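These are the structures in question, set out in turn.
Shared chain: chain A. Partners: chain B in the first complex, chain C in the second.
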Partner chain A sequence: MEQKYKTAPLRCWNKAKDIRMNIYQEIAEAKEKGKLLIGGGAESLIAIPSGFEHAMLVGEPYGAAIAYVYRENPELYMQIVEAAEHAGYPRDLCAYMRDYLGSLLLNKYIFGGPFPHLDFCLQAGFCDTHSKWYQIVSEIEKIPYFSLDLVPFDWEIAGESEKTKQLKRDYIVSQIHEAIEWMEKTSGRTFDDEKFIQGVMNECDSTSVWAKICIANRAIPAPLDEKTILSLYVLAVIGRPRQDVADFYKECLAEVEERVANEIAACPYETARIITDSQPPWFALDFFRLFESYGVVSVGAHYSFALSGGWEYDPVEKTWNAARTPRERGIEIKTRDDAAKVLADWWLSTGTVCRGVRHSGAGKIQRIMDMVDKWHVDGVVLHLNRGCEGTSMGQMEIMQALQKRGTPVMTFEGNHADPREYDEQRTFARIQSFMETMDLKQIYEFKKEK
Partner chain B sequence: MISIGYDLGAAYSKVVVLKDEKVIGKGIAKTTLEPMESVIEARKAALENAKIDEGQVERVGVTGSGRNLIVKSDVSATDVTADAAGVNHINKEIKTVIDVGGEEARAVKVSEDGKAINSAVNDKCAAGAGAFCEAMARAMQVSIGEFAEYSLKSTQRIAINAQCAIFAESEVVSLVAEETPRQDICRAVHDGISERLTSMAKRIGIEGKVGLIGGAALNKGLVESIKDDLGTEVTVLPDPQYVSALGVALMAANA
Partner chain C sequence: MIKDFVDIYQNRHAYAKEWKRKHPDSKVVGYMCSYLPEELFYAAGLLPVRILGSHEPQNVTEPYVFGMYCPFSRDVLAQGLQGRYDYIDAVATAYPCMHLGQAFDSWTIHVTQKYFYVDMPNRVQTPYAFPFLAGRLEETKREIEEWIGKEISASDLKTAIEVYNENRSLLRQIYELRKAEDVPLTGTECMHITTANLFMDKKDANKLLKDTIEKELSGRKAKTADDSRLMIVGSENDDIKFLEMVERFSAVIVNDDHCTGSRYFWNNVEMENGAIESIARRYLARPVCPQRDYPERLRLPHLLQMAKDWGAQGIIFLQQKFCDPHELDKVAILNFFKEQGIPTLYLELDVTVPLGQFRIRVEALLEQLREDDIW
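Entry: the complex of A and B
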C-alpha cells in the first residue's frame, strides 16, 4: 500500500530524552551538590518545594521506569518486585508503589548506583495509596513526612457550588503555607519566595502548553502518536515547575504546529484513530505498533492529556480547552500567598486526572466523549488496569456509554507496572479481533520491537 | 471450489473441508504439547472424511490461537470473525453468538452480512470456559457427559461463590463433604459458568436470536443454565465445535 502521509522524526525528541535523563541524574547527585532531595508523587503539588535548591524523585514515573526495566533486564525487575513482595506488599497494591518500594528496599537506583537517600517526603492525599506509600518510605528511610489533604473539584457537569470550591481552595492554600513552614523547619534552609513564584508560573506554563500540544493532535493526520506522547508528557510529570521543561514544551508546540501545517504524520498510513484509557503497560508499548500496522494511530489518552495538562472547561461549548495561564489572565503573582493561591486554584480547576480518581462516573464519561468527538476518534481501547485502582475507576461505565453511542470499544486486562499480569499474546489476539470488527485490514506485517 | 478451514484452539484442532460452500469433511484432534501433530491428525481425518487428497484443496483459511502454525494460508482471521462468518452461514437469524471454547469464551455480535461488529472475550480466567467444566467433572469423579446429565436432574439451586476455577474446585470439594446432592453441585457449576458467559454477552448487548457454539455447547447441562440465565431461547448450532473452522473455510473460499 502506498504511504498516505509523509512522516519525519520529531526534532525535539532527543532534547526530551536529555531533559528526562538530566533530572534523574540530578536526583542521584543532589546530595553531593548540596541540594535537598525530596520524595513525593506526581500530583503532590511538586511546585511547592521550588523555593529551595532541590531535586525531586517523583514516584509514579520512577515506578514506570522500573516496569520498563523488565524489557531489558527482567531478572533485575523480578528482584525489585520480589523485594517488595517479600517485605509484605502484595500484588493487589498499587504497582508503581510496589516497584518503587522494591527498588528502595534493594537499595538499587535503576539509573545507576544506590537508591538516593531522601531528606523528606511531601505527598498529597488525592489517592489513598499515595498517602500510604510515602508513609512507608518515611518509615523505611527514617525521614520526616508531610502529607497534604487534597479534595479535587468535582467534574463541571456536577455543578459544584462556588462556596465549596472556595473552601477547597482555602483549605489547600493553608496547607501550602503550612508545608513551606514545615519544610523550612525540617531542612533548616530558607525558602526563596521568588523561586517559588517562578516555579508556579512554570507549572502553569508547562501544563497549559501541554494541553495545546494535545489539542494540535486533533489534526488529521495526527502529528503525534500516543507512544511518542507518552515520552513527552513525562517531563511535566517529573518536572513541570522547571524552567527547562516549560521552555521545552513551547519548543515542542511550535514543532507540532509546524507538523500540522505541513501534514507530517505520526503514522504514514493513518486510516482510523483510537484513544486509550488508564496508564499503558509500560513494558509492552509494542501494542501501539500493532495498531499502526492496520493504519490505526492512537492519538492520546485522558491519562496522558490530563496528568500533564492544564484544561479549562467551556460551559457554553461543553468542552475543555487549554487553560489560560495566570499571565494570560492578567493575574500578577507577587507574594508567596499569591503563588499559593494560584497553585491551589490551578490544581483544582485544571487537573482532571484527580477528578477521575475521586469523582468518577458521568464527568469522566463526558470528558472521554468529548475526546472522541474533538480528536475524530473511531474506537476506544480501555486498559483494565489492575495495577491502578484510581485511573481504572468507572471504565465499565465508560464502555457502556461509548457502546450506546455506537463507538467501538475494546478492553484488555493488564497492569501498567507488573508484566506478570499482562498476557501479550492474548492482548494481540484481541487487538486483531478489534481491527477485524472495525473492518480494517493489516497493511504490513507487525514485528515486535526488540 | 474446495476450501479447508482450520480452527486451532487451545484444547482441540478442528478442520472443515468445503466444496462449493457445503461441508464435505470434518476432523478433530486433541491439542497436545506437539500441536502440529494435532493439526496433521485433524487434517488427515477431515480429508479422509471428505474423500479427497490434499492436492485438491484450492484455498486455506486459519483461525484460533494456534493459527500461526499454518504458515501458508489465503485467509488468517481471529476466532471472532470466523465465528460470525460460520454462524451467519448456518442461521442468518442469529445475531448474538456465545462461543465457549476450552480455554476461552467469547460473545460476538453479528451483522446482517455475517461480519463481527462487536465482541467480548473472557479475561485471564478459565472460570467461564470449557476447561472449567472438565476440571469440575474431574473433581466430582464423573465424565463430562455424566456431569451434564446430573445437572439436568437438579432440584434445588445452590451458588458457587468463588470467582476463580481453583477456588471453585475447593468449594465443590467442600460441598461434596457436606453431602450436597451431586446433581445440585453440577448444576451450580454450570450456573456459575453461565453467569460469566451471559454477563459477557450482555456487555455487547443481546440482539436477535442467540446462538451457542464451541465444544462446550454440546454440554446440555450448561445449555440449560444459559437458557435460564438469558430468559430466552438459545439455539445450539449443528456441530457447534466446527463452526469457527467452517467460518474461516468460507472466508477462504470467498477471498
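Entry: the complex of A and C
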C-alpha cells in the first residue's frame, strides 16, 4: 500500500493569478493611463525601466500564453502562428517569438482587444534570438529599439578569471547607463533613480526568495509540484522588479515552509521524484499528471528554478544556495550607478539559465547533478525542445552524464509553444515505458484534464 | 596554383600534419568561428586551423547534440569524434552561435580538453564593446602565454598582424579581379582558395596567393560577359558541389557574404595605439554576421554595395538548415533585395546538397534573370 500524504490547495494561489492578470491588464491600459509601454524579453534586465511609470510586455511568457490558448481555441492559435509563417519566419525559429510576431501581425492581444502598441523595445540578448526578435518587432511597429548585450559568466567549474568577470560587469554597467540615457531621450521623460533603485532591490529580493522556495521543495513530501511551480515562477519572469511580486514571494515562502513543517504535500503519492529540463509544452501540461498517477512528483526544473531564481555558488560545498541579497550582504544602493552595478553583478553572478545557453558543457552537467542530489531525485526528464534551442543546449550531454552515473533519464521531443511539434500519445507512451524501467506501477487511473 | 589550393582543401589534415612535422616545437589550434582573433595565436607561433565539416553523412554526433541543431555544427563535431583532427593541441572559438557553441562544448568534453574561449560581443555597434573586447583579448593573450610558456612580444604581434593583413589584402585583390566582365576565376575556384586559406599558415598562403594572382589569373578568362552574375549570401559555406553545379550553367558567382568567404577577410587591422586594441577594433568593424547585426541593419547596405560593385544580377541566399541567426535575417534581406529589384533564391543547405532539386531552382532563377532574352 502506497503512503498517502495530506494535501491542501495553496492559499496564495488566487493572489498569484490576480497579480499575473493585473500585469497583463496594466499592459492593455498603459497608454490610456499615460504610462510608457515597453516591449522586451523576460530573462533580461527588466528592472532597468523601473525608473519610469511604465508597463512591460515581456515576450516569452506572452508567447507561452498564446501557446496555452491552443487548448481552448486551436483555430485562433493557428491563425496567429500561421501569420508569422506567412510573413516568412521559418518554423524552426524560437516558438515564443513566432507566436508573439503572429499576434502582433494579426493585431490580436491574446488577453482581448488589439495588440498593445509599444513605445519602444528594450531588449537584452544572450541567446541567438533575443536581440533579433525585437529588432524585427521594432521594424514592424516602426518604433525605436535598444538592445543590451549580455555576456554571461562561465560556470564556476571553468575557473574564469576575476579580470574577465570584471570586464563583463563593466560592459553591462556601461550599457545600463547607455540604455537609461537612451530611454530618457527617446521618451522625453525623466528617469527616477529612486524608483530604479527600488526596482533593483525588488529584483534581488524576488529572485532570492524564489530560490528559497525552490530549496524548500527539497522536503519529502514536496510541498509543490512542478505544474504549480510553473504557475508561481512566472510572476518573477514578468514582474520581478515590482513591489507586489517581491511581497508575494515572501508570503509564498512562508506558506511553503509551513507546508513543509506540517508535511502537506503537493501530491498525495510520492513514490519517486523527478526533475525536468527546458520549458514544458505549455498547451499540454497533462504529462505531469500522468507521472503523478504513478506516484511520481516532478519537484522542479533547472529552467524554472533558474529563470526566476538567484543562486549563489558555494565553492567549498560545490553547490548552489539562494543568493544573498545586497541588503543581506550589507550593500547600500544610493545612486543610479550603485543600482546599475548591483543589477549587473546580480544577473551575472546569480543567473544560471544564461550560463547554460552560452556555456552548457561541464557546468550545466554539474548543476543538474547537484539538483539530482539535493532534491532527492530518482529520475530526470529532458524535454528536447524544438521551440527553444537555448534551453536545449547541453541536454544530450546531460543525458550521457546521467546515464553514466546510473540516474534514470528519459527524453521526449516537443515544442514548448508550437503544438504541431508535440505528439502527446507518443510522449505518454514513452513516460509509461520510463515508469516501467523505474519499476513503478500506476496507483490510480490517469484522466486528462479538460 | 589554384590547383594547389584545391589540393590543400581536399587534404587539409595532411597539410596541418606536415606543418607540425616541420615545426616540431609548435602547436596547432583548431577553431570554430571566424570571429576568433587568429593573430594572437599566430603571434605565439601557433597554427590556427579552421574546423569545417566534411559533407559526409555521419551518425556519431547523435548522442551528444540535439537533432535540430544545424547540420554544419554536427558535421564539425563529427570531425573531432571521428579523430580527423587528432593533431590539434587545443580547440578555440570566439562566441559563435548556440549550435556551434554546442559543438564546441561537446568537443571539449570528448575530443580536445585544452580550449580557448573568447567572449566576442554581439552588440558590436555600441562603443562599450571595444573596451570589453580589448580587455578580453588581453586575457586571451595571457592564457595563450601561460599555455606555451613564453611571452608574446609586441614584435610578435606586429608581425602576425602584418602577415594576416597581407593575407586579407591578397584575397581582396582576387575578389577585385572578379569585378571584370570576363571573370578570371570561377566562384568554385575562388571558394577553393578562400577555404583552403583557412587551413594554412598565412605565410605559405600569401606566397601561393601572390603566385596565383601574378602567374595564373593575369589575363585569364574563366567566364565571359554572357554569363549571369550571381552573389551568394548566408552562413558558413564550403559547398563546392553546389557552386560547381551552378557554374555548369551559363552563370558565375562573383562575390559572397559568408564567414568562410568575404566576411573572413574583408577588412584589415588598422594599427593605431596598441596591437591588441587594433585587433579588437578590426573584429568589431568587420562585416557582421547576422546575429551581431542590430539594432541597425548594417548588412543590408553592405550587401547592396557588394551586389552593385560586382555587378550581381541575382542573389542566392544559402543557409544551413536550422540556422537561427540567418533565418532571423532572411525576411529582411529577401524583402530588401525585392525592393531593390534584384531577384533572389533562398536555399537551405544540409551536410550533403540535393543537387537535383537545387538545379531546377537555380535554373528557374537564371531564367528569371534572362527573361528579357526569353520574352
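Criterion: the second predicted complex is superposed on the first by the 447 of 450 C-alpha atoms of A that agree within 3 Å, B and C clash if a C-alpha of one lies under 4 Å from a C-alpha of the other, contacts with A are read in each partner's own complex, and residues count from 1 in each chain.
By our rule, contacts are C-beta pairs under 8 Å (C-beta built on N, C-alpha and C of every residue); 3 or more make two chains touch, one makes a residue touch a chain.
The shown structure was predicted, so the numbers you read here are calculated from the model rather than taken from an experiment.
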First (chain B), second (chain C), both or neither touched by A:148: second
Dominant toucher of chain A (residue count), chain B or chain C: C
Touched partner set for A:408, first chain B, second chain C, both or neither: first
First, second, both or neither for A:384, with chain B first and chain C second: both
First, second, both or neither for A:136, with chain B first and chain C second: second
Which of chain B and chain C A:426 touches, first, second, both or neither: first
First (chain B), second (chain C), both or neither touched by A:437: first
First, second, both or neither for A:416, with chain B first and chain C second: neither
Intersection of chain A interface sets (partners chain B, chain C): 384, 399, 413
Residues of chain B defined as touching chain A within the complex: 65, 77-81, 115-121, 123-124, 203-205
Residue ranges of chain C touching chain A (in the complex, touch as defined): 62-69, 95, 97-99, 101-102, 105-106, 108-109, 117, 119, 121-123, 126, 128-129, 131-132, 135-136, 139, 290-291, 294-295, 297, 322, 324-325, 327-332, 334-335
Touching residues on chain A, where the partner in the complex is chain C: 87-90, 92-94, 125, 127-129, 131-133, 135-136, 138-139, 145-149, 151, 154, 161, 163-164, 167-168, 170-171, 174-175, 178, 357-362, 384, 386, 389-390, 392-397, 399-400, 413
In the complex, chain A residues that touch chain B: 384, 399, 403, 408, 411, 413, 421, 423, 425-426, 429-430, 432-434, 436-437, 439
